[in-house]
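The first chain written gets the first letter, and so on, giving A, B, C and D; residue counts start at 1 in each chain.
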Amino acid sequence: MNEPQYGWWLPPNVSVSGDEVDNLLNIIHWFMLVLFVGWSIFIVYCLVRFRQRPGHVAIYEPIKAAFSKWLEVGVGVAEVVVLIALAMPAWAAIKNINSQTPTDPLIVRVVAEQFKWLFHYPGRDGEFGRTGAEFFSDDNPAGLDPDDDVGVDDITVRGLHIPVGRPVIVRLNSKDVIHSFKIPVMRLTQDVVPGMEIAVWMQAKDTGKFQVGCAQLCGIGHYEMKADFVIESPKDFQKWLDEEHAYLGLDDE
Amino acid sequence: MDKRPILVAACLVVLLPAMGGSEDVKPWDPALGTATITGSVKFEGKKPRMRPIDMAGADEKCAELHGGKRLKPETVVVNDNGTLRNVFVWVKKGVEGWSFPLPEGNALLNQKGCWYLPHVQGMRKGQSLAVRTSDPTAHNVHGYAKVNRPFNRSQPPGAADIMIQMRRDEAGPPMKVKCDIHPWMNAFVAVVDHPYFAVTGPDGSFELANLPPGTYTIEVWHEKYDVMEQTVTIADNESQTLEFTYPKKK
Amino acid sequence: MSEAHPELGFWRKYVFATDHKVIGIQYGISALVFLFIGFCLMMLMRWQLAYPGEAIPLIGGLLRESWVNQGAMLPNFYNQLGAMHGTIMVFMGIVPLAVGAFGNFVVPLQIGARDMAFPRLNMMSYQAFIIGGLVMLTSFLLPGGAASSGWTSYAPLAVIATTGQTFWLIGMIFLIASSLLGAINFIVTIVHLRAEGLTFFRLPFFVWSQLVTAFLLLLAFPALQAAAVFQLMDRLVGTSFFLPSGLVVGGEPLAAVGGGSPLLWQHLFWFLAHPEVYVLILPGMGIIAEVIANNTRKPLWGYRTMVYSLLFLGFMSFTVWAHHMFLTGMGTTMSTFFQATTMIISIPSVIILSCLLITLWGGSIRFSVPMLFALAFLPMFGIGGLTGLPLGLAVPDVYLHDSYYIIGHFHYIVAPGTIFALFAGIYHWYPKVTGRAMNVTLGKIHFWLSFLFMNGIFMPMLFEGMAGVSRRLFDPTIYAHGAAVHGLTVMTSWSAWCLALAQIPFVINFFWSMRKQERAEENPWQATTLEWATPTPPPHGNFPETPVVYCGPYEYSVPGAARDFSPQFVKQEV
Amino acid sequence: MSTLDLPYQVEPHPLTGVTSGKLGIWLFLASEVMLFGSLFSSYVLLRVGSPPEFWPLGIEAGLSVPIGTFNTLVLIGSSVTMVMSWASLKMGNLGAFRRYFGATIGLGGVFLLVKAFEYSTKFSHGIFPAVGWPELTDPSMFYGLYFTFTGLHALHVLLGILVNLWLLIWGAAMWETAPERFAGRIEIAGLYWHFVDLVWIFLFPVLYLL
């Protein structure tokens, strides 16, 4: 587990699809910087050369309209390029990733509530127990049907653990208000809207211990709505699952 | 959000004591308190499984105080002797005639290791509930009072106790207290205007001592299995034993 | 019949005034006060962000015990401050100042009208505005405090929030009514009451910007009105337009029928709120255009192009709202559409900006105080626009959405952007309003300090956003990446407090000049537009004799002309 | 009043061909169109989003089509009398104007009374904006939308009635001083009234029939 380094620019990226985002961000910001510096130079030059002083008079129409159309056209073109050449493909890529069902994904059900995350893994049997809004209660935060034996071995924890390299599908649900599932190191943000289940897809390329946060104001405890985000080697992940299973205390019955 | 039921309830509770107040209320004479009601609350059938709570994933500061151990919700705690813990027992009817002196001090609700201690407690009307934090992390105590005034207060580490005075009876059902920041934290506080209440403990028994002779309606309440009641008539220096059994027979 | 006006009593003259100039001043004063209040709320928040959990100095002890713990701020208070800061600044500060104050005072003068088309309607819209504002402020006195669900008031959070939200909605309905009445008034005034010879393409750019703004207000606000009615119903009557079934709040099922849609609120809200963004910026652009033309002593470059861009901008602003909702799980096609429209809408803004830039070329630039603010506006607005680029594209937005980056972005547009434009306007038209010019030295101090600290506030936010810090966090240091940039947070806070100090010269200047400064002559800036054709300050009825317009708005340095400015209202012998 | 007599209060503006007041009311109506437009699009969004079994036809939900139809006719009638009143004013017949205009107000009142009756029957059956369909606890927006839409519309009608009353009782004094201007005001009031009528003509089928 390497200690993540955070700075004044993008945090470390541990997502396989994150590089695309980072590249786009960096390219756009270089483009912005160039444009801005260009403007500034132009302004400063004008301010010096055309400052009001004795003997200097303004020119009624210094430039024919033909000139400097290129500037606007240039900007327009640049934006179209960014849009068509970079943004659309990247978005399409990510969306496709989301839409296609990856091979052997780990499925995690997430229940957002004021003001914590709850992560729901299928147990040994590999399938989720029946859940429903009517089952939610203080001792049953995942909304599992108590009469459904499939759910007995399900694992409900407050921290998100995923194995490195394996595709993970996160099914986002909210109990109460709109939350937003944000993992900066995965370059991932997705609103969690009550009344609808939204699935997002992610794949880690590196291990480490990070944080999940909430990015949509959800009330008094919004700032405290965080959870551990642990990326482990498949072996450690399996070990963790076994520990969690042990906590359920099913075997000693 | 629909606040109307709360309002209606509040109005009723404002009015009812006012009406009831018309009958004369004598100051309580301790010499009369000679009778005792004891009993226990049994639990039958398959006890529901409580899932262990993983605090560490959300807030390490909470888990630290429990070592590696995982707590389970105190919703249903069945003692080894087959009795049910955290049941609130109180005299619902029969002691209206007296006004009892208030005990010194406040009722304490302590937050320790992101856990409410005690889970269920009774207190006297007019007393204050002192909500204390012994935790290195922030809490937000949220009282879902239906009769008293609801409260919702943040409590950063090291903050002073939050005092909430209970001006009205609220025992049927007791008010729920939750921490907004740590959703697994919940507790129940019953407000009664006489000293005859108890909460079943590790042995599932209760005792209501120093009762005057008379006829009483004893009510037991459990957060999951709701209420039951029995009526008992008791004479001077007499002691009677009551048996309650959860879950209720259909 | 009305040529002889009876002298009006105090009430009719200042309180129930129907004269557009008095109403403009009323708007101006109230809006400045609201701006100041909103700014104070923000300074409180900055303390919590810079020094989380520490007692607020001086006033910490005086605040309500439900808001602070031993003087240190509590989260619910922070959320109230956040929500009300946004609301006050947008709906009660900038729009009333830009549209209500400048629009009311300047537009009729610039088009040579005697007053707004509906003077009493004008009075009513001011009164609706002030009522709405007071309702908003009084909500702080409620037991649960003011609205705390952000200025966007997203459902379901806002629906289950405390009573403050109800006040917010009612206040908002008043503010909307005010804006609608105002918008109608502006459009009719500009279309009908232009002086003889003042054709549309002889209108000053400022008037154009007000016209487009009025249309945006007129057509965008009703959506929020509908949304507000729905949310009021949800809160008071118990309907569930925005509440889906099976909500569980605090472990208890919510007592509502359900079946509603939380996203409906966002659609209605942003359908207003995106045009609203342009309502915030367009009048500013108009002021800047006036000031730049006047201080470069030459016509605006590409005046017609700018006007067409303006119209295009206004139209397009209705087609981009959902780029605020990329993360609500909308489909690829929709997001692609809204990305495209967002890119398209950026082009006219770029055109207007570059027209203003190019106008500098070949001018004879006079560094008056208004011009300083105008010159600062150009790069600041530039940054604001550029940082909008990554947010308009879905992929980077997925990362930057609801982070400090977006806060930096829109604040660069409205704070060093619009607010600088408004300052430019104040310095530019102050002589017209009071008859006295403002002190230049104080003005320059005010400018340079404000310029410095504005950037000190908002530049760090962009970096915090890149570092992944979410907005609206009571204590960002909870997160590792938040703690890493805490230094920037502290810098922001100190800049904010210094910015407050930097306004002192302005306040002194504002009141001192009213009494002490020497009288300004009728046309101190040697400007060409109609407002300078009236006596200063203008009398009731504005123009002694109705003016006639002979030429375009910015006839500066006309070759062969006697002076370097040829006013619209003076016949040129050529 | 201390306001100046501004141009184009009586004579139309050469560019737009209408008086300032008329242009103003058209703009106001435009914003009203946006208001009800957003209401209707919300209706569509909510209806599409909810399963059909939770979305009754007006009849199934217990709305009475005859009463609705009657109210529709009442409003249309009031629009007609509104036109007549304006016409008679143009012909300089103040008495006829008073009669027709009064009739318009009266019909508006009838509409509101009928609506009040409809509401009260709903309430007496325990039907409120906050209940679902067919079971009162089922997730249905129908009654919420019904009460919100008709309520807002009723408010518009009420506003119209009040303004018209003012014009009839006090405003008519202007007939002596500035008849043209007064006729203009009546025309404006008429435009608003026709709009309110039009809204109902949309509301009626959407809520009662579809």
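Structure notes:
Heads up, the rule we're going with is that contacts are C-beta pairs under 8 Å (C-beta built on N, C-alpha and C of every residue); 3 or more make two chains touch, one makes a residue touch a chain.
Predicted, not measured: the structure shown is a model, and the values here were computed from it.
Looking at the partners of chain A and chain B together, the chains they share are C. Across the two candidate interfaces, A-C and C-D, the one carrying more C-beta contacts is A-C.
Taking each chain's centre as the mean of its C-alpha atoms, the one that lies farthest from the centre of chain A is D. Averaged C-alpha coordinates give centres for chain B and chain D that are 57 Å from one another. In whole angstrom, the spacing between the mean C-alpha positions of chain A and chain C is 31. If you average the CA atoms of chain A and of chain D, the two centres end up 48 Å from each other. Rounded to whole angstrom, the centroid-to-centroid distance between chain C and chain D, based on C-alpha atoms, equals 34 Å.
Touching two or more other chains at once are residues 113-114, 137-138, 219-221, 224, 226 of chain A. Contacts with at least two other chains are made by residues 75-76, 160, 238, 245, 249-251, 254, 256, 261 of chain C.
Across the assembly, chain B contributes residues 2, 140, 152, 154, 178, 180, 183, 186 that each touch 2 or more other chains. Under the contact rule stated at the top, the pairs of chains that touch are A-B, A-C, B-C, C-D. Those residues of chain D that touch chain C in the complex are listed here as 1-8, 13, 15-16, 20-21, 23-24, 27-28, 30-32, 34-35, 37-39, 42, 45-46, 49-50, 54, 128-132, 137-141, 144-145, 147-148, 152. Across the complex, chain A meets chain B through its residues 113-117, 119, 137-142, 146, 152, 156-160, 219-221, 224, 226-228, 244, 247-249. Touching chain D in their complex are the following residues of chain C: 1-2, 5-6, 8, 12, 18-19, 113-115, 117-121, 180, 183-185, 187-188, 191-193, 218-223, 225-227, 229-230, 233, 237-241, 245, 256-261, 264, 267-268, 271, 540-541.
Remark: chain C residues 53, 66, 69-70, 72, 74-76, 159-160, 235, 238, 249-252, 254-256 touch chain B in the complex. Considering their complex, residues 75-76, 79, 82, 148-150, 154, 156-157, 160, 244-251, 253-254, 261-263, 296-299, 301-302, 327-329, 332, 335-336, 339-340, 343, 346-347, 350-351, 354, 357-358, 360-367, 375, 378-379, 382-383, 386-387, 389-390, 393-396, 398-403, 463, 466-468, 470-476, 478-481, 483-485, 488, 556-559, 564 of chain C touch chain A.
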